[in-house]
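The following blocks contain the structures, represented as structure tokens.
First chain A sits with chain B, and in the next complex the same chain sits with chain C.
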Partner chain A sequence: MRSQRTAWLLLAPTLLILFVFGVVPFIYVLVTSFLHWNAFAADPTPRFAGVDNYRQLVFDDQFLYAVWITLRFAFFAVVSEIVLGYLLARLMMRDFPFKGFFRTIHALPLMVAPIAVGATWRLLTVPGLGPLPYLLEHFFGIDYRIGSYPTQAFVTTVIMDIWHWTPLVTLTLLAALSSLPREPFEQAQIDGASPFQIFWHITLPYLRPAILATVFIRMMDALRTVDEIWMLTGGGPAAATRYIGLYIWRVVFPKTDYGYGAAISLITLYLTIVLCWLLYVSLVARKQKKGSF
Partner chain B sequence: MQHLLARTALTAVTMMAVTSFAHADFWSDAAKPYAGVTIRGVSESTPPSNYVKDVLAPAFTEATGIKVEFEATSWDQMYDKAIKDMEANTGIYDFVYIEQDIIYSYLARDFLVDITKALADDPSLKAPNFDIANFTSFIDYFKDPTKSNDLFGVPMEAFIKVYLYRKDLFEDPEIKAAFKEKTGHDLAPATTHEEYSEIAEFFTQWGKDKGIELWGTTVQAHSGHPSSWYEYVESVAPTFGVYNWGINADDNYGASVANGGEMNGPEALAALEWYLGNLAIAPPESTQSTWDEVAATFAAGRAAQGLVYGENSAWIATDPAKSNVVGKVGVALPPLSEGVLAEVEGGTGYIGYYDGGAFGIPHSSKNKEAALLFLEYIGQPEVQADWAVAGARITHTATYDDPKVKEQDAKVDGYYTLMREKGPLFAGAPAYPFHAQVREAAAPYFYEAIVGQISAQEALDKMAEATEAELTKLGYRK
Partner chain C sequence: MRRPRRLVTFLFWCGASFVTLFPIYWMFVISAKSRADLFGRPSLIIDSLNWANYAATLSDPTFQLYMLNSIIVATCNSLLVTVLALLATYALSRFPMAGKENIFFWTITNRMAPPAVFLLPLFLLYTQAFTIGDWKLYDTRIGLILLYCVFNLPFAIWILRGIIDAIPKELDEAAMVDGASLWQILTRVILPVARPGFAVTAILTWVFAWNEYLFAATLTSVHARTITTGLAEFVTVTGTNWGLMAATAMLTLIPAVVFLGLVQRHIVAGLTFGAVKE
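Entry: the complex of A and B
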């Protein structure tokens, strides 16, 4: 009995912090989502709105488009990062000249703040100033203007995200690869398994927990990306890169529509949870049922 | 140039010192209870703001012992920080930048300290040389007519958005001859939109033919940033006779023609089509250009003409460290549609925004008295001339006649004279407390038109519809 009380006492500070910084803001946002509340309305006092804000977002084309392009962004960015991250991790498992230097350089983007990443890429991509438009025009004849062409802007934001976050995936998978037991691989080689069979039946199952954790982290990050995109494109051209995080920012801050912004935030949270759950079910729960990893 | 800058800074500091000495008793006496206090302010990073940060704030500290932490940041961040601070009543900032168009929102929310009342309540804080009568009529925008015209902000910058053109190119004999041969008339600064487009097309082609990086016009057309929206509603639409964003405040805030507005009317269509048409003859960076980049494009010598915020005119025309077109800048009024000038001179409408801002004190400030002294300090006549030279802004009537300003006026092709003489043709933003809200509702369609996803007419129709829906939601439109 006494030890239980001690355990609660030791947990209390953490629980208190979680409650103050997690539960209270969540409840506040939840309550706000049921209000009509705009600081610059004719009547700025919050009024009960029922489910109006939730009903509105179902018919909000801009919101639905933001969800769609955010999912596309997250898909392309995360898949590319996992594939590239794995390949780079495999590369770093081998010995080659200047390996330590390469590993350091490769991890540098992780240390840069997202807003600085956005600013750097903005300078890289401005026609007349940045090297990218010049080089693409000079060598490939590509008229590269992310302020004018939506597809170019979308692809550039994906590449920027890949550039920024692939090192995280590499380092995580490198740690996982380094900790793999040698026996199953040696056994498979003795049995005459091909490299692909070894990858598919041994490496991948062993790496699955690390890959899943990385995918979850990266997907959640990609779904709420704001700073880099805000700096690089501001969500443009038109709505081409106005991802959900940026859309929420516009609704809540410049537009000061707190009630509607809160509703979108909660729906976005819900979508993120559902996506993660679907991913978990499809990649883990089903395998567990089959009795594999 | 470095010598010139050093000399200007030295003169400014000397001026400050003389000013401080002249009113030494007042500043040191009035500030005595607040010596050692630190006041914090936030403003947009503009030439006038940077002058406050680098020159006026340190001089104030020296005169009073009150420290000033001045944050000059981007336009978006400035609003974000100031509004969040005042909304949450946190008291981080003791003075904030109030852009002329946001004053109505701030007054509606009662965010700001009544400066007139504060000075009347405590006469010991009233600086002997701070007098509202010294200011130009721009100060009127920061008075609240519902509160006996009390003052809520001390103007720190005021300017107009002018038509800048490359004088050297316009006076080049070879170019003049080529232009005459092509068009049949002489090359001169445009007075109409048709002339402007013709000149822009000519210079774009000239740049191509000569293999030089020169285009006909700047365009502020970043479709992920509000600056493009403001170029249209502030500087383009009024020159076609569409005022107040095309919203009819006297008729239930109608925006569409069907509801008494002009947002999607024929003049607005002509304005938007002209604006969009310029994109094809503008430098490729135009769709990534906000207000700052437009000035940079012109200063880099990449455009023959453009609509540029006047606060940038001084450095573009005089600072070789930043500008490639020093001594080559011509200044004129923006091109106008037929009948607009007569309409404006007759008292209806305006040809562009008389833009600028003031510093005000939020109710949430914990150092109101010290901030009030700072606002008076920057409102003294003695500091105005050097500030006007550095930042191409004028808020005091007498500043126009200062010898330093007259000297600078000659270097910027009479920008200050133009502002003085033609300023009345410009006007502040419409007195709406919902600028940002309507902008965020309508601008997405404007951005789609910039990218070419929808036609100009479709964009205007959607903008009008979205504006009316937003105003209904906000409770202004019944």
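Entry: the complex of A and C
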């Protein structure tokens, strides 16, 4: 009964759905990216375009700007989340009352719909309504309007992402910290190592795989953030927070220039894969050296 | 000696929980205020609960349709994904297959692709290719249900792989010797043993489907819109009614809050693809 045929039959529905809704769109976008195809053009029939679409996007300032600010957003968000998440995980390792309760509360943002996260932060930051503009104005004299100031909008999107995803880092690093062996730490303490030396020479090397894995996953997610940014700033002011996902969705796609939109989609996918591959290689390199992950 | 440290940590986590909860509390405050009370000096206290926003949202036929769509899409997707993942995972776990680890890995990669990249091809396919006569997959619930499998199936297979691998092979081999059919093994042996794991899988895929926005916004227009797209519509219209938006957002996050306690321990393994085991 445990024949290959039964196994393939069991797998068939899954593979079929993933093929139709995962692979077919990919092939479709690949083909489309080599076409001149604009639904609103004088001649809306698709024509072969060679690499014209790709040539065009190399000189597309808006696209390059979107890539640049997306990388900047992902960098600041992920670095802050790792540092903050590590500190929180250390504090979660301690013994204190109602630990399970606090842990559950801390995990709450992970379950909330990204679009609702955007709505929440919008309500916090709307001038005249939210507490943030009011507090910043009264206590620090800062004119806080994310609808007008690009830097403030950028920083607010990063802080929102930190609020949303730091719990993931905390909980992953907490799991890693809980599984650390005790002996090296005890030995180091006997040898009189300073807390910083212990952190740098023992904790960090042990946590490296977990940290890299978390960076990898968070990076992938941060690069494709759309929903909450759309809800919070709508990509503005001007294009200050129009990250790559938003750019494809709100600018390229509605223009009905399908060929060019496909090329941009594909390049985005390619850039994501390259970046993730680089992170992955650093993981695997470590895995082979240490022999465990 | 240890007491002050315990107290300090406890107080710190009180503060951290405040930071986590405050944005949601604030949304609740807004949702419970009348339109006239909204502006002016922000006040953190709700003077009198005003359910008008909730009543207005819940009695709006458009919103009712969105809510119904979300419930149908999330429930059907979750059931479909759990059943298909059970079959697929059982095959991957128990059968001798050439290259099954590659199939497993390929399945997982489906979840990693940035959704925005697939909006354009899916929109074109849904409006032009996936059609039967006048009927299009565009703006249908079934379109969303099937599409959500692309990110939910890999997740479910990942979670269930660990669970089914942990069930001793002797258990279903014994059933096989007794003459049980494959279907009987799956429903009478595997399912009962792994019930908690299936519950977690079903709940989390349900929540992911419920939370999805980008595809729902792009691939539906009128009939199959979901609650998340309804929430976003409050902002694109000029002169946002903040109270209504807050009430809708509160309704959107009810499932997250309800299920949080049940699945909290599995979220991390789920979201990190088991990169970190708990």
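Operating definition for what follows: the second predicted complex is superposed on the first by the 249 of 293 C-alpha atoms of A that agree within 3 Å, B and C clash if a C-alpha of one lies under 4 Å from a C-alpha of the other, contacts with A are read in each partner's own complex, and residues count from 1 in each chain.
To be clear about the criterion, contacts are C-beta pairs under 8 Å (C-beta built on N, C-alpha and C of every residue); 3 or more make two chains touch, one makes a residue touch a chain.
Remember, it's a predicted structure, so these values are computed and weren't measured experimentally.
Trainee: For A:G128, select first, second, both or neither according to whether it touches chain B, chain C, the two together, or no partner.
Mentor: A:G128 contacts both chain B and chain C.
Trainee: Is A:G235 contacted by the first partner chain B, the second partner chain C, both or neither?
Mentor: So A:G235 only meets chain B here.
Trainee: Between chain B (first) and chain C (second), which does A:V79 come into contact with in this model arrangement: first, second, both, or neither?
Mentor: Neither partner.
Trainee: When the two structures are laid over each other on chain A, which of chain B and chain C touches more residues of chain A?
Mentor: Partner with more touched residues of chain A: C.
Trainee: Can A:F253 be said to touch chain B (first), chain C (second), both, or neither?
Mentor: Both: A:F253 reaches chain B and chain C.
Trainee: For A:F40 in the superposed arrangement: first (chain B), second (chain C), both or neither?
Mentor: first
Trainee: Give one of first, second, both or neither to describe whether A:L64 is in contact with chain B, with chain C, with both, or with none.
Mentor: The answer is neither, since A:L64 touches no partner chain.
Trainee: After superposition on the shared chain, which partner residues are touched by A:V281: those of chain B (first), chain C (second), both, or neither?
Mentor: In the superposed model, A:V281 contacts neither chain B nor chain C.
Trainee: What is the shared patch of chain A, the residues that chain B and chain C both contact?
Mentor: 122, 126, 128-129, 234, 253
Trainee: Which bits of chain A are touching chain C when the two form their complex?
Mentor: For chain A paired with chain C, touching residues are 1-4, 6-8, 10-11, 13-15, 17-18, 20-22, 24-26, 28-29, 32, 88, 91, 94-98, 102-116, 119-124, 126, 128-131, 134, 163, 167-168, 171-172, 175-176, 210, 213-214, 216-217, 220, 223-224, 226-227, 230-231, 234, 244-246, 248-249, 252-253, 258, 261-262, 265-266, 268-269, 272, 276.
Trainee: Using the touch definition from the top, list the residues of chain A that touch chain B in their complex.
Mentor: 38-44, 62, 122, 125-129, 133, 143, 145-148, 150, 233-242, 250-251, 253-257
Trainee: Which positions of chain C touch chain A when the two form their complex?
Mentor: Going by the criterion above, the answer is residues 2, 5-6, 9-10, 12-13, 16-17, 19-21, 23-24, 26-27, 30, 38-39, 41-42, 44, 84-85, 87-88, 90-92, 94-98, 100, 103, 107, 110, 112-125, 129, 146-147, 149-150, 153-154, 157, 176, 182, 207, 210-211, 213-214, 218, 228, 231-232, 234-236, 242, 245-246, 248-249, 252-253, 256-257, 259-261, 263-264, 267-268, 271-273, 275-278.
Trainee: Which part of chain B faces chain A closely enough to touch in the complex?
Mentor: Contacts found on chain B: 76, 79-80, 83-84, 87, 105, 108-109, 213, 221-226, 283-289, 293, 297, 300, 302, 433-434, 436-437, 439-441, 444, 447-448, 450-451, 453, 473-476.
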